[in-house]
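Please find the structures below.
Two complexes come next, and they have one chain in common, chain A, joined by chain B in the first and chain C in the second.
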Partner chain A sequence: MSSTHENIFLRLQRIDRRWIYLVLWLVIMVPLIFPFRIQPRASTPVAQLFNYIDTMPENKALVISVDFTPDTRAELQPMVIALLRHAFTIKRRVGILAMQVYGLGLAEEAIQQVTNEFNSRAQTHEDSVIYGEDFVFWGWTTPLLTVMLGMGERITRVFPVDYYGNPTESLPIMRDLKNYDDVGILVSIAASAMPRSWINFAQVQFGVNLSCGITAVSAADFYPYVNSGQFIGMLAGMKGAAEYEQLVEKRMKNKGMDWGLRNTGTEAMSSQTAAHLAIMVFIVVGNIAYFASRRRKK
Partner chain B sequence: MTLSTDPWIWIAAILTLAIFSFLYRENPFYRFAEHLYVGIANGYAITFYWHRILVPSLFDRVGSSSTPLSTKIWLIAIAIIGALYFTRFIPRISWLVRIPIAIVLGYASGASIPRAVSGEIIRQMKATIITRASFANWQSGLWAVIILIGVIATISYFFFSTERRGLLKPLSYAGIIFIMIGFGASFGYTVMARISLFIGRLQFLLGDWLGFIK
Partner chain C sequence: MKRRLPLLIVLITGIFGAVAFFVPYPAIRAADEIMRNDVQRIIAAFSLVLGVGSIVQHHMLKIQRRAQYYSYSYITIIALIITAIIGVFGGIDVTRPGILPTRFGSFSIHIQTLYSNMMVPLAATMFSLLAFFMASAAYRAFRARNLEATLLLLAAFIVMLGAVPFGRLIHHQLPAFAEWILAVPNTASKRGILFGVELGIFATSLKIILGIERGWLGGGK
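Then we have the complex of A and B:
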C-alpha cells in the first residue's frame, strides 16, 4: 500500500467530527428544500392500527394520550395530527389527555391545527368538528396510577374539569364516554415507557384495547408487545408517522376530502433516506479505513 | 423565501441556533440557551402543579365549607406527609423524608408488581408458545419458531451457573447472534430517531422561520 493511501486512511480516522456534522447538515437540508418523491408504504403494525380505528364501531371513542415532551415533537407530533385527522374524517369521537405536563401544549397545538383544517372547510354543522360533542381535551392530572385506574371507573371523576376549565359532566360527549367500556382504542404517543404502564394498569385491569406511537429509539423495545397482541399495531418513529399520514390522506381522498394538507412526516422522508445513505457510507468508509490501517500496522 | 415576522418564531429560531452552536464548540450562547430551557421547563411544571393540583385538590377543598371535616383531616394529613419531602434540606430531621418515600414506594410497588407480572411476563411468555394457530400461514409459523428459538437461545446466553458445554455452548452462541441482531435493529432505529429530531428543527428553521418550505 502506498504512503498516499496510508495518509488518506489515517486522515479519515482523525477527521474532525465537525466535518461530519456539516455533511449531515447539508445532506438533510437539501432534500427538505428540493424534495424527491418518497411514498412510504404502510408496514403491518401501522396498517393494523389504521384498519382497527377505521372499522371501529361508531359508538366507541378514540382516546389519544399525549405522553411526550417537546424534545421529541418532530417524531411524535405528526402521529397525533394524523390520528386526529383520521378520527374526524370517519366521524369518531375523540378524547385527548396528557400524561406529561409538557405534553399539554403539544396536544392543544395539534387540536387547534386539525380542528381549523376541518372547520375552515366545513359547509354544514355536520361537517364541523365541535368541542364537547366530537372531541374533548381532558388535560393533565397526576399521579399516573390514579389516572389510568380511575378512568376505568369514571373519567369525569379523574378529570372533573377539562383543560379549559369546563366541568366535564356538562359536556355532551361525556354522556356516552364514561369509562374504558366506551373506548374503542387508546393510543399512547410516548417517548418513554408510558405505553407499558397503560398495559399494566389499563389493559390488565380493564381489558382496554391499546396501541402506541413511539420514538424510533424505543421501537425495538415495543415490538414484542405488538407480537403478543397487547398492542393493536404500532407507529414507530417518523417513518411510522409518515406511513400513517399516507393511509389517512388516501382515506380522506376517498371521502372527497382532497385538501392537500401538509404531512410533515412524509415531507421528511427524502431527508431521512439521504441521511441514512450518508451514514451507511460513513460506516463503510470508516471500517475500510480502520481495517486498512490495522493491516498496514501488522 | 418569506421571512417570518412573528417575534416568537425569531426567538425560537435564535435559541435553536444557539443550541446547535454546541456542535462547533462549547460557548456562552449554548450555555445561555441550555439554562433558559431548564429554567423555563421547571417553572412551567411547578406552575402547573400549583394551579392544577395543589390549589383545586388541596387548598380549595380544605377551605371549602362544603367539604366534610373527615375529608379535610385526611387532606391535611396527606399534605403534611408530602411536605416531609422538604426535610431533606434540614440535616437534623432529614430522616423524616423516608416516610413519604416509603408510602409512595409501598403504594406503587403494591399496585405495579402483580400487574407487571401479568402484563409483561405472563403475556410475553404466552406469546412465545407455539400453538396450531401459529401455523395459520407459513410466514407466521416461521416467525413463531424463530421467536421461540431466539428467546431460548438469548436466555441461555445469560445462564452463568454452569460452564458452557454440550448443548448450552451452541445455544448460547446462537443467543449472541440474536442479541447482536437486536443491537443492530436498535442502532438503526436510534439513527432514525436522532435524524428525525434534527429534521424537525430544520423544518422549523427552513419553514416557519425562513419560509423556504411551504
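Then we have the complex of A and C:
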C-alpha cells in the first residue's frame, strides 16, 4: 500500500467531525430547496391502518391521541394531519385528545389547518367540517390512568369541558360518542411508550381497537404489538406518514377532492432519503478507513 | 408515623387498585371510579403546584447564590410567569380571545402564537441536533469489529436501505426483506426483552406496595 493511500485512510479516520456536520447539513438542505419527487409505496402496516379506517362503520368514530411533543413535530404532525383529512373525507366523526400537555398546541395547529382546508372549499353545510358535530377536541387531563380507563365508562366524565371551555355534554357529537363502544379505532401518535399504556389500560380492559404512529427510531419497539394484532397497523416515522399521505391523497382524488394539498411528510422524503444515504456512505467510508489502517498496523 | 403513614397509604391504595381490576362488584367499581376520577386528579393538581414551586425555588436559589449561568434562571422564571399569565387569561388564539388584551394590531401573543413560534422551533432545533450526532457516531463508532457488530451493522444497513426508495432500485425485494427483519427477528428479541421488563415492573411494584422497596420515600437511611 502506498504512503499516499495510508495517509488518506489515516486522515479519514481522524477527520474533524465538523466536516461530517457540514456534509449532512448540505445533504439535508439541498433536497429541501430543490426537492426530487419520491412516491412512497404503502408498506403493510400503513395499508392495514388505512384500510381499517376506510372501511370503519359510519357510526364509529376515529379518536386521535396526540401524545407527542414539539421536538418530534416534523415526523409526527403529518400523521395527525393525514388522519384528520382521511376521517373528514370519508365523513367519520373524530375525537381528539392529548395525553401530554405539549400536545395541545400541536393538536390545535392540525385542527386549524385541516378544518380550514375543508371549510374554505365547502359548497354546502354537508361539505363543511363543523366543531361539535363532526369533531371534538377534548383537550388534556391527567393522570393517564384516569383518562384511559375513564373513557371506557363515560368520556364526558373524564372531560367535563372541551379544550375551548364548552361543556362536552352540550356538544351534539357526544350523544353518540359516549365511550370506547362508539370508537372504531384509537390512534396514539407518540414519541414515547404511550401507545403501550393504551394497550395496558384501554385495550385490555375495554377491548378498544388501537393503532399507533411513532418515530422511526422507536418503530422496532412496536412491531411485536403489530404482529400480535394488538395494533391494527402502524405508521412508522416520516416514511409512514408519507405513505399514509399518499393513500389519503388518492382517496380524496377518488372522491373528486383533487385539491393539491401540501403533504409535508412526502415533501420531506427527498431530504430524508438523501440523509439516510449519506449516513450509509459515512458507515462504509468509516469502515474502509478503519480496516485499511488496521491492516497497516498489522 | 412520618414513614408509616405513606407506606400504609401505598399498601391500601396499591392493593385496592389491583383488586378493582378483577372484582366487578358495584361498590368496588364505584369506589374505583372515585379514586381514578377525583382522588387521582386532586393528587395530580398538587403535583403541579409542587413542580412549579420546585422549579421556582431552584432558580431563585441559583440567582441568590450567583451560581454558574445564573442569568439563564431569570429567563426561565420570567418565561414561566409570562406564559402562565397568557395561558390562563390570554385566550387560545385570535378567534378565541381571553380577558387579557393579547392582540396589538396584526401582532398577537396568544398562547397558541407563543407555542407555535417559540416552543415548537426551540424544541425542534434541539431534537434535530440528534441527526448530526448520529451521523458523526455512524462514521466514527459503527465498526464491524467482531461478528456481533458485523451482524448489527448489516441489519441496520438493510433496514436503512429498505426505508428509502433507493433500496427498491437495488432489488425490488429489499424493502420486504427489511420489513421481515423488523417483523420477525426484531419482534422475537423484543418479546423476550418485554417479558423480562414486565416481570421486573411487576416485582418492583409488589415490593413498593408491600413496603419492601422504600427508596421512593426519599431521605436516605
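Methods note: the second predicted complex is superposed on the first by the 298 of 298 C-alpha atoms of A that agree within 3 Å, B and C clash if a C-alpha of one lies under 4 Å from a C-alpha of the other, contacts with A are read in each partner's own complex, and residues count from 1 in each chain.
To be clear about the criterion, a residue touches a chain if its C-beta (ideal position, glycine included) is under 8 Å from a C-beta of that chain, and two chains touch if they have at least 3 such contacts.
What you see is a predicted model, and the numbers here were worked out from it, not measured in a lab.
After overlaying the two complexes on the shared chain, residue contacts for A:230 are found with chain B alone; chain C is out of touch. By the touch criterion stated above, A:267 is placed in contact with chain B alone, chain C being left untouched. Contact with chain C, but none with chain B, is seen for A:40 once the two complexes are overlaid on the shared chain.
In the superposed model, A:28 makes contact with both chain B and chain C.
Touch criterion met: A:72 reaches chain B and chain C at once.
Judged by the touch definition given at the top, the superposed model places A:239 against both chain B and chain C. In the superposed pair of complexes, A:275 makes contact with chain B and with chain C alike. Within the superposed three-chain arrangement, the count of touched residues of chain A is higher for C, of the candidates chain B and chain C. Where the contact sets of chain A with chain B and with chain C meet, they give residues 21, 24, 28, 71-74, 102, 141-142, 145, 149, 205, 216, 219-220, 224, 227, 237, 239, 272, 275-276, 279. Within the complex formed with chain A, the chain C residues making contact are 21, 33, 36-37, 40-41, 43-44, 92-93, 96, 111-112, 115-116, 119-120, 122-124, 126-128, 131-132, 134-136, 138-140, 142-144, 153, 157, 160-161, 163-166, 168, 175, 179, 182-183, 186-187, 190-191, 194. Interface residues of chain A facing chain B in the complex, by the touch rule stated above, are 18, 21, 24, 28-29, 32-33, 71-75, 101-102, 104, 139-142, 145, 149, 161, 196, 199-201, 203-205, 215-217, 219-220, 224, 227-230, 236-239, 264, 267-268, 271-272, 275-276, 279. Chain B contributes residues 23-24, 41, 44-45, 48-49, 52-53, 56, 107-108, 111-112, 115-116, 118-120, 123-124, 126-127, 147, 182, 185-186, 189-193, 195-203, 206, 212-213 to its touches with chain A in the complex. Chain A contributes residues 15, 17, 20-21, 23-25, 28, 38-41, 43-44, 69-74, 102, 105-106, 108-109, 112, 141-143, 145-146, 149-150, 153, 157-158, 163-164, 205, 216, 219-221, 223-224, 226-227, 237, 239, 269, 272-273, 275-280, 282-283, 285-287, 290-291 to its touches with chain C in the complex.
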